[in-house]
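The structures come next, written out as structure tokens.
Look for subunit A in each of the two complexes below; its partner is subunit B in the first and subunit C in the second.
Now for the complex of A and B:
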């Protein structure tokens, strides 16, 4: 615990490390126009497929565009998609899970069996199917990935709500005449946010991967908009001549996903009372 | 000796329970938790219901609040003032709880929401039943906390429950119960979780409230010492039935029922008498 005596570095080190990596990616995403040395769209055919150099730190792609700049702009898309997708999953899943746990009975059965149905599809397959029916665009990718996340969040919210419902303060809230809706939002929700936030951080990493996978398959961000997924997809064709085209977006993805995973794990440990000494 | 002094002042009891029966259906028949209980609480009277665990005393209290588990089957009649509790709609019942009828639970620590400031919680009944704003409710909470002798209430309303000691938490619960000057307070072993000195303070406080506000109190307990200290009239419950009732003096000096005698004999005293059974 961070006490007045001092900050317990060991307890928070995962959070700090994860936060640092996430911070780098977020910084690049938010300040892309100032951070990136070139425009991600500027063609320079004379300089295509050049290796790393002083002018282009991470080389150029098959159309002579600066790979570093494209990777930085790609972070924007990834972060936008992940943020909206996690929000959709978190809000939808939490509402469904809390409703199911609170009312129980048939309501719970209906909602949770529907969640099981969604859960039974492999995530990427579900996302691809949803994209196929919604159409190809970044916004639809966000929605599709968000829907993929709903069952996981709903199960977590349901389990956490069930634990909170056994607490006496719920009975106390009822004894002063609180309505169901008010109990759900004022008494239960604040008490289940910690596990949901941890799950959200982990889901964020997963959303980045899913978005890249969809873009790799040509279902997410459309060229010329840069995304780590479609950069990897193009780079695949030049693996022998220009390996940096694949390595750079791959590394970017790696740093981003690692950062969010460390952050999620670290937050779980910090918020878990059993890990406290 | 065995005269119910308060009953003579007013023609109508605050709470009147007649032939209350609570059954819990089981695979083979039903479990009868409360078996034909009748009891009265008169205005300004503190009535004790004493019995061992499983005697049905808490079920009797929860029936009055209509907060029994859903599967419980209730029959008989419960009247609070002119209202027939068991016939009220759930919405009307909700309006009654925390307003005309309030509940003080056993373990205040667990009955307070850990994520909400004390002031907000103590003021909650005012928000629910009197449409007070958050700010107005908190400023009323200051007065309420002062009335239950919490020191520096202006500062304390900003605290979270974990910053309160056990006795203070119970005071906060009592303050919440008093918020709307209810006709009846039902207290379910409110002092069991407290140590003896704090217990004495809380009992004194309840008495003081009764004297000041003329509130009726139904006090559920298994503790004979508490009954002797606090109550005007006592009902002894055993296996879902009321086996004996009388003034505190009469019950202690001249117990008539065998179970009551056993109960009295089982209390360790400095000068043990020969057990009657």
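Now for the complex of A and C:
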């Protein structure tokens, strides 16, 4: 279904839709002070637990704070945690995966068995245990979630590196005496970024979910800082009187995760040669 | 065959051992906090020292680990720092709750995923396929703890059909047990089905494009015969592997869901251990979940090897 300009809308539709949803969340996160109608911390007990109105589009919470403003500011925390966690997982996993594939033998065995071991823990359990050890804070949530991602990225980086190593230009690089470090970073890394970026989009969605789950359990962002997880957790206590307190943060998480998942799926389709047919 | 089983078993034991080291070191890496948590923030330095000496927390980590492992191997999981209750029996009491929840959720996930995935593959690139794939994307984006909250909002607070939480053993009151378990299981199962739908669809698509299925079609076999007799069995091998990982994931995700529905399972045990910095509780809970996941992977690995036609051929040769 190519248009006159040659742009294949059908091929890119998932990327566009996912990009739009992610764009909305990112815009809210970056421009929160300008987008949010109120401060997320402004208390007004006279207005507590009010339903959606012209003044407060998504109602107010148990302390009279504007729910929309808190949901917008919560996007900041989610995006910060997800960005840093995915970076930790991506950098750590890529370095381990490339090193394992490039050097092979014992190095590969040791590194990949260690990754298998980390992979054997259920993700949320590993994150929760790491948080117990590191202590509850947003920064520690980033580190814990990042560690959870390392094995997944390392397996992908290893498999992609193995494919690249079979190419002739690597042999050529070796034959002209290029150093290992140079080959890894100059020749291999640029050629394995596409699959890693697709994985990163999916990991971003998962990071948002994990951060929310940790905050929901009281292990991530601490009140009064707004996070979708702790908003939902507090909202559950007022479900009968103020259901919007449970619906709004969940909806925000859903839109964000859906956006990143669609983006990941779309990028996979676009970069996968089989899908181009 | 025996060699295969032995190799896998050796790998299992090694991984379990390494996992216990990782858990022990991670949980014990911050010294002192357990004592503060058990004795309160106003505890004196002497009281903390006494507590640590009493529980052996002042000795080198390696010694502590060796002793802990020795006790675990004899079935002794220690006692809770908080209330002095033996951890092992408490864990055994909680295990069936979590097992029931995870199994129930897994059944729901498969009941959704297998027919939908197979149907999508059969209707490849048609309306039904696109709708099912879209549904899987939507389901995969719903946080399970949000779905749990929405279910409570609808079925407990609005319709008043189901209790908000709690646990009654199946043997005591089966109907009550099901009423209390259905919402937690749905929250986990529906979200888990998203991945399984995709895997089932992909596995079936691969099988449906093979020569032997095309031959069956050419011979005039009915759609039912093609799907059930020729495709499902082979599509199940890759599906089973992912489903097992998903079951393990479900077992790990119970931490959040058990907290919401006040289920006295291993997940809420782990959470109590974390909040109170109760190391024996946390370690035992986390180790139990890890042991379960590893055992599951081992069993599935062995079943997949048994089902794999290439291995069957090798055995018969």
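Rule of thumb we're sticking to: the second predicted complex is superposed on the first by the 272 of 277 C-alpha atoms of A that agree within 3 Å, B and C clash if a C-alpha of one lies under 4 Å from a C-alpha of the other, contacts with A are read in each partner's own complex, and residues count from 1 in each chain.
Heads up, the rule we're going with is that a residue touches a chain if its C-beta (ideal position, glycine included) is under 8 Å from a C-beta of that chain, and two chains touch if they have at least 3 such contacts.
Because the structure is predicted, anything quoted here is derived from the model rather than measured.
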| item | value |
| --- | --- |
| Superposed partners subunit B and subunit C on subunit A - clash or fit | fit |
| Geometry of the superposed three-chain model: angle at subunit A (Cα centres of subunit B and subunit C, steps of 10 degrees) | 100 |
| Which superposed partner A:172 touches (first subunit B, second subunit C, both, neither) | first |
| First (subunit B), second (subunit C), both or neither touched by A:187 | first |
| Contacts of A:236 with subunit B and subunit C, given as first, second, both or neither | second |
| Partner chain in contact with A:246 - subunit B first, subunit C second, else both or neither | second |
| First (subunit B), second (subunit C), both or neither touched by A:197 | neither |
| Chain touching more of subunit A, residue-wise (subunit B, subunit C) | C |
| After superposition on chain A, the shortest CA separation from subunit B to subunit C (Å) | 20 |
| Common interface residues of subunit A - those touching subunit B in one complex and subunit C in the other | none |
| Subunit C residues within the subunit A interface of the complex | 15, 18-19, 22-23, 26-27, 29-30, 137-138, 140-143, 145-146, 149-150, 152-153, 157, 248-249, 251-253, 255-256, 259-260, 270-271, 273-275, 277, 282, 286, 289-290, 293-294, 297 |
| Subunit A - residues contacting subunit B, complex | 167-169, 171-179, 182, 186-187, 190-191 |
| Complex contact set, residues of subunit B against subunit A | 65, 67, 94-99, 102-103, 105-107, 110-116, 124-125, 128-129, 173, 176 |
| Partner subunit C, residues of subunit A touching it in the complex | 116-118, 120-125, 128-133, 135, 205, 209, 212-213, 216-219, 232, 235-236, 239-240, 243, 246-247, 249-250, 253-254, 257-258, 261-262, 265 |
